[in-house]
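Just passing along the structure, written as structure tokens.
Think of it as A, B, C and D in the order they're written, each chain with its own count starting at 1.
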Amino acid sequence: MKMWGGRFGKEASEEFQVFSSSISEDCRLAPYEIKCLKAWSEVLMEAGILSQEEKLEIDEALEAILEELKRGEANFIPSDEDIHTYIERRLIELVGLVGGKIRTGRSRNDQVTTSFRMLVMEECSGIEDEIVGVVRALITQAEKNIDIAIPGQTHLQPAQPVLAAHALMAFVHMLERDRNRVRLARKSAAVLPLGSGALAGTTLKIDRDALARKLGFERACENSIDGVSDRDFALDILYALSSLMVHLSRLAEQMVIWSSAEVGLVELDDSWSSGSSLMPQKKNPDCFELIRGKAGRVIGELVCLLAVMKGLPLSYNRDMQEDKHPVFDAIDTVRSSLTALKGTIGTLKFDESRAKELLSEGYLTATDLAEYLTEKGIDFPSAHRLVGEFVSSLIAEGKNFSEVTAKDLRDFSGDFDEEALRRLDPRQSIQRRKSKGGTSKEQVLHDIEESLKNIS
Amino acid sequence: MKMWGGRFGKEASEEFQVFSSSISEDCRLAPYEIKCLKAWSEVLMEAGILSQEEKLEIDEALEAILEELKRGEANFIPSDEDIHTYIERRLIELVGLVGGKIRTGRSRNDQVTTSFRMLVMEECSGIEDEIVGVVRALITQAEKNIDIAIPGQTHLQPAQPVLAAHALMAFVHMLERDRNRVRLARKSAAVLPLGSGALAGTTLKIDRDALARKLGFERACENSIDGVSDRDFALDILYALSSLMVHLSRLAEQMVIWSSAEVGLVELDDSWSSGSSLMPQKKNPDCFELIRGKAGRVIGELVCLLAVMKGLPLSYNRDMQEDKHPVFDAIDTVRSSLTALKGTIGTLKFDESRAKELLSEGYLTATDLAEYLTEKGIDFPSAHRLVGEFVSSLIAEGKNFSEVTAKDLRDFSGDFDEEALRRLDPRQSIQRRKSKGGTSKEQVLHDIEESLKNIS
Amino acid sequence: MKMWGGRFGKEASEEFQVFSSSISEDCRLAPYEIKCLKAWSEVLMEAGILSQEEKLEIDEALEAILEELKRGEANFIPSDEDIHTYIERRLIELVGLVGGKIRTGRSRNDQVTTSFRMLVMEECSGIEDEIVGVVRALITQAEKNIDIAIPGQTHLQPAQPVLAAHALMAFVHMLERDRNRVRLARKSAAVLPLGSGALAGTTLKIDRDALARKLGFERACENSIDGVSDRDFALDILYALSSLMVHLSRLAEQMVIWSSAEVGLVELDDSWSSGSSLMPQKKNPDCFELIRGKAGRVIGELVCLLAVMKGLPLSYNRDMQEDKHPVFDAIDTVRSSLTALKGTIGTLKFDESRAKELLSEGYLTATDLAEYLTEKGIDFPSAHRLVGEFVSSLIAEGKNFSEVTAKDLRDFSGDFDEEALRRLDPRQSIQRRKSKGGTSKEQVLHDIEESLKNIS
Amino acid sequence: MKMWGGRFGKEASEEFQVFSSSISEDCRLAPYEIKCLKAWSEVLMEAGILSQEEKLEIDEALEAILEELKRGEANFIPSDEDIHTYIERRLIELVGLVGGKIRTGRSRNDQVTTSFRMLVMEECSGIEDEIVGVVRALITQAEKNIDIAIPGQTHLQPAQPVLAAHALMAFVHMLERDRNRVRLARKSAAVLPLGSGALAGTTLKIDRDALARKLGFERACENSIDGVSDRDFALDILYALSSLMVHLSRLAEQMVIWSSAEVGLVELDDSWSSGSSLMPQKKNPDCFELIRGKAGRVIGELVCLLAVMKGLPLSYNRDMQEDKHPVFDAIDTVRSSLTALKGTIGTLKFDESRAKELLSEGYLTATDLAEYLTEKGIDFPSAHRLVGEFVSSLIAEGKNFSEVTAKDLRDFSGDFDEEALRRLDPRQSIQRRKSKGGTSKEQVLHDIEESLKNIS
């Protein structure tokens, strides 16, 4: 049973039905659709269009249809353009023509976007929880390894000593911002279009704001044309998820590098690693690589919808059917990535002895030495140059800072004294960074504490 | 004067200097840079590193450097890697080696992103104002044309009668959401990285939150590694601007269509239209086409930065130098588009008689007729079919609803009576949509009133 | 049965298996995989690793496995990481441990990309055929409507008279270029990686070029590291399909506009149109809108893979598993769009009387009039200005060119004579454009003829 | 002097002129424009529209205008919409109204895209040469380091021993494919639109194919509407450059990793490295990072133009003015990246002793050992498992393959004999991969030889 036809001289061709059907994608909307239709049957009863008995009969049938769908017993036919068409067809099969009344005062234009918004709101809540799961795993690792110092890097080159926990907490802050973006996307979705009709609004006298609250929305939209034209909520969630995946890809890259044979700072648990079908010695960080790759996928989904929406005139255009695939795919990609990440982060181990080894290399405290010179009144550029030359001489000798003696320092420059030697110690370098956000243990513990408050 | 070198055996090659220099792009950061350096000289004075006289001397020189830049009298040399390097070189030229002290406890990593954030905050405020300008122009048109009814469209086909003002207000709501996104992007930028050093934090004892407030930020970042790694604020503004441009492209498409010869609902002012170098009769809506095209450009800039950031490990990597081009280009594109749009929207005219003509075509009140049948107890699907067949018969006769008589109706179906004829009138169709967000005049006026409150 | 494990202390967790499995996506590769394995069993027999009986036994089992898969009777288990793992597990179940020999000298790294390339080659051929189908439908329409003239547009404004066939043929040229891109993408795919092993090449002495030809490739890759690292063929097909969809979206937009109520140049067949669930009078060009939207989807898939590949080091990285989803999705989207387009283009009708009506409006021959003045010795800018003023005066009078008399012309300017009046006729304007590519009937017929040669 | 105006009641507003002007971007087209105009003046002379004297006078003036532009002495005024308008204005200033004749039979629609195509063709040739420069630098490094073996990696984990030259040559193959794409993009551009007029073709009787060849094109376009609508050549070059930058980003990532402190396989020359303004010990691979980042930029430019073109109806729309910015920016980005890469690759050094050290780690010949077992009749899966367990036991002991004795092997399994020990040697592993594309020295030398042929 099609939803239209009186004006047409012939039926839609089967090829056209196949091409234009979105049911394989949007049957995922069914639970929201049913919830929505039940709210609408109440609206119609209050408007005197349905009797109480009709309403009850319809509600029961809707429940039955949902059960059928859940049990996988629905039979879609080619003329079921979408899940809405299917449900109405089935409803009329179950309760007769009275079922057709449910369409009064509504259009698929406001209906479909209402169900879609409900799904987005629910998924946002789920994703928020899963972000918290990863945040918790990162914080647990930070707490567990609070005393491990590592070479902090810029440009993938040794820069300054930092606490491993400090680095892990950097990712926590990225994810906190993402959680906020997901929360804002949920808020974008929480505006009810139902009651916008095809575009001009409904002739039914309904309190749309009350209906909104009943269905879990914050309020009804203020303009019915905007109501059916707007897909900002879908863009907002796609952007939030793109940003999230970019951050996960950065975390993944960090872990791929830290767990590489040459760096060896981190070892993945066997239960979250892969081998090779050919090379027996291999242990690969596939989970992180997959996440890094999937960031590209979610960026692609965002681009898809931006390109779809660009240049569309008011109000509903069928192009907008292409809103659901990118959102569903991005949601699924993100949720599976977060789940996998929680497991992988939760089980990896830092290698403390390798960390110590790396800390002794790379001249990580050269900055501290230069700053010490400025304390003695030398301007920074000159201090920088002097220390640079000192490092250069050590490289030539093949000597690390950990092997430098007070004599070596004195021999190089009269400005280097005992205190200069102390400044070469990575631990003091870390501990002297006590301003807000610095890598000293007290600052990192403070950061952990505050971050735990955010998720509790 | 390079900012580094002691550790190097030879100078950077000139080709490398040219390739890696960002000064042509980032000299735009100079005013923020200077403001920042002056705040830092105070920090250094409080920390006892600069005397009060040194601080004053430096501040004066910084002002002089800014004036030089403003007057276009700066001489960049190849070894000026960026605006920061230039300013420091010039500072030392002006005040001698004491100028080098200004670099104490800072790194370009925290410096550059601080200046960049300050610029983004300021541009966001400017863009917000310009969005309000376009909103105001749209609302003014809505008020001026409050009594013009037009055929509302879905699928670019006639759908239902709506007020032109209702359609214009749909764009106002899009822009209001964009304004909110720009505001959120500003908030993202308002977290101070300065004091993060290269990545590990600073050894200076400073109240970073106080420094933040002094420079117009909300607070200092909680984690120095995140401080130098984070470009979320740049992504947030690029997303906000992409979304904005997508909406402007929709408005532009609508205006291109409305001002097309065949539709003719709207006429652009000659002062905002183009002709053709070849075809003397042409009057083209170039302004709208350019805006529609520029939406693609801003989407491209967002993709650029997402791709740049994907998969970068902690903390600063030079790839991130590519953050400024997309943001600057997107800001300039958006600001010029908003300015042009304000002028074009402000001067266009609706053609009321053409609107009336179009309103009589397209069977726009077919839905009203079907709903009337449901009021008489017919289920909606049957009513829909009957009206569809009626429309089909009228098309065959070449007759519009405006030409239909009560007799025509009765002849077609016994269910059509006098009231049915009234339901064919577009004006009653509009007036009967009185629920929140509907196209009735009172609802649209309410929408206008509320929207005006938002921008005052 | 996992393909690895000896080096591992514990099993992969079930969550990890679920996350990292690609079998739902890549079971589509099965037929190519089987073909490939059979070629490999021959390689192994020639190398003395399999006896002839073993080879035959394996080949038979492989056929059986393919049949099972085709009948939908395969039982995937969580440890089946991908279709390759599944097939090997099943093979060993069917023929015992000898089945394991098939893995000798190969890696999944070279295997998976070989099967993927085979699929791409086959799909390219299919897509080429389907492009030809749409081209044929366009040419048929061009031939059928060869005598219909319409207002050619620039900026969506009336520009000059052209033949409808000329406009249709413009799309044919776009599609011809796309066909060439698809052909080039096929050529990119036709380089065999098999024999590259994990990355270092195989120790088996095989003639990889001969193997390439046997499997339908042009040649074997020249560098085994490149062989497993390269996804250019996937990017090439994604780009070819993006370009194709951009062209289809332009065609779609054109048809949406031409079939709009206000333009009315084209009517879609009822069998390729949609109605509305609410508005009984509606007939919507959904097919074209969907195609226009799906262009965004395919662009998103291209961006996905570009972002995935950016910044990956040599050689195989698991991120590259994300190559198949975008390619499969783009292929399916394109093929269904081409099929739908063929049907929609094939059945639409031009409205000749509406074309005539439109042709009389819009001052389409203003350029011809200006050019006539240049023939009389007036410089073009002056001629352009004079005709512009003439058009302006006619607009003020509400008069079209078709209503202008010789007297009107003379009254306006002494330079306008009888010939000037003739130049206002759209038909002569068309016929006078006889240079290659022009809109005169002979040129358009020539274009049709040449284009038919390309596809026969 | 505007190119239009007679039909307009008022002047374009200054804001509109500023917004719509493209002259800052397209003055880069001036040399092509002048070349084109000179060819057109000949066309007009042959058509009898210009006398020989007029033609000569115009040609001289055009040369003078170009010289002015080259000397930076052009004065653009707000009403110069683009470089074409400027040149025509200046031409009339220099030669009087006869200069206006040059516009006869042309439109900016066919003119601008002709000049743009000429520029693209020339840039393509330049880029091809620069790709060859980088290829040559890579091959030179491959030749110089032909005897250095390194750990080949998959998943950034040690996989199998390969020659460093083999890895370098993998990038050569990527670049060779890019060179081909650039060549194809050049071919796309080599179709002349001039003579298409605004869209309908020209009334001048000209041999457009001859004109094409005179201007360096292969042929004239077959359809004038397509001629002014088509931007495929711009998309093709943007795609070719995106693909190229993705490959350069992979090379860059590889070099960033190889030159990291922990890997240390490669050292960059000081003349192509950067230091830090804060940390005196730093030496950073900025050049590679910048290139990796700029890949994101070029991808963004491709997305920009795809999004601009999507959904545009025939024929010219002003959105298409946004074609030049992305193409120019991508060309400049690519050319500077190639130049920088040539310098950086040309001057870097492999560290042979570090390579040897790394080669002894990572159990790189585990596959060889497993394959040896299959030669003795063990099925591959079992062999794989056994070797995996052997590696696992060595990891527990902290022993590398280079430290394993024949006794260790025998103690582990009766299947391990003297030959097994030999198979642990990385050199034999490399030399045994003799099939086409394998890592053996003779294959890599063959690869080098063939690649040299391609570029000579």
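Basically, a residue touches a chain if its C-beta (ideal position, glycine included) is under 8 Å from a C-beta of that chain, and two chains touch if they have at least 3 such contacts.
Bear in mind the structure is a predicted one, so any value in this text is a computation, not a measurement.
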More contacts between chains, C-D or A-D: C-D
Chain A and chain D, separation of their C-alpha mean positions in angstrom: 32
Whole-Å separation of chain centres (CA-atom averages), chain C against chain D: 23
Chain C: positions in contact with at least two other chains: 3-9, 103, 109, 154-156, 159-160, 197-198, 257, 275-284, 286, 289, 292, 295-296, 299, 302-303, 306-307, 309-311, 317-318, 367, 384-388, 390-391
Touch-based graph of the chains, sorted into line, ring, star, complete or other: complete
Residues of chain D that touch chain B when the two form their complex: 2-13, 15-16, 18-20, 81, 84-85, 103, 106-109, 197-198, 269-284, 286-287, 289-290, 292-297, 299-310, 317-322, 325-326, 336-337, 339-340, 343-344
Sites on chain B touched by chain A in the complex: 1, 3-9, 49, 92, 97-98, 100-101, 103-105, 109, 152-156, 159-162, 166-167, 169-170, 172-174, 177, 184, 188, 195-209, 220-230, 232, 235, 239, 242-243, 245-246, 249-250, 252-254, 257, 292, 295-296, 299, 302-303, 306-307, 309-318, 367-368, 371, 374, 379-382, 384-392, 395, 429-430, 432-440, 443, 447, 450
Residue numbers on chain B that touch chain C, as the complex places them: 151, 154-160, 256-257, 260-263, 274-286, 289, 303, 306-307, 310-311, 358, 361-364, 366-367, 369-370, 384-388, 390-391
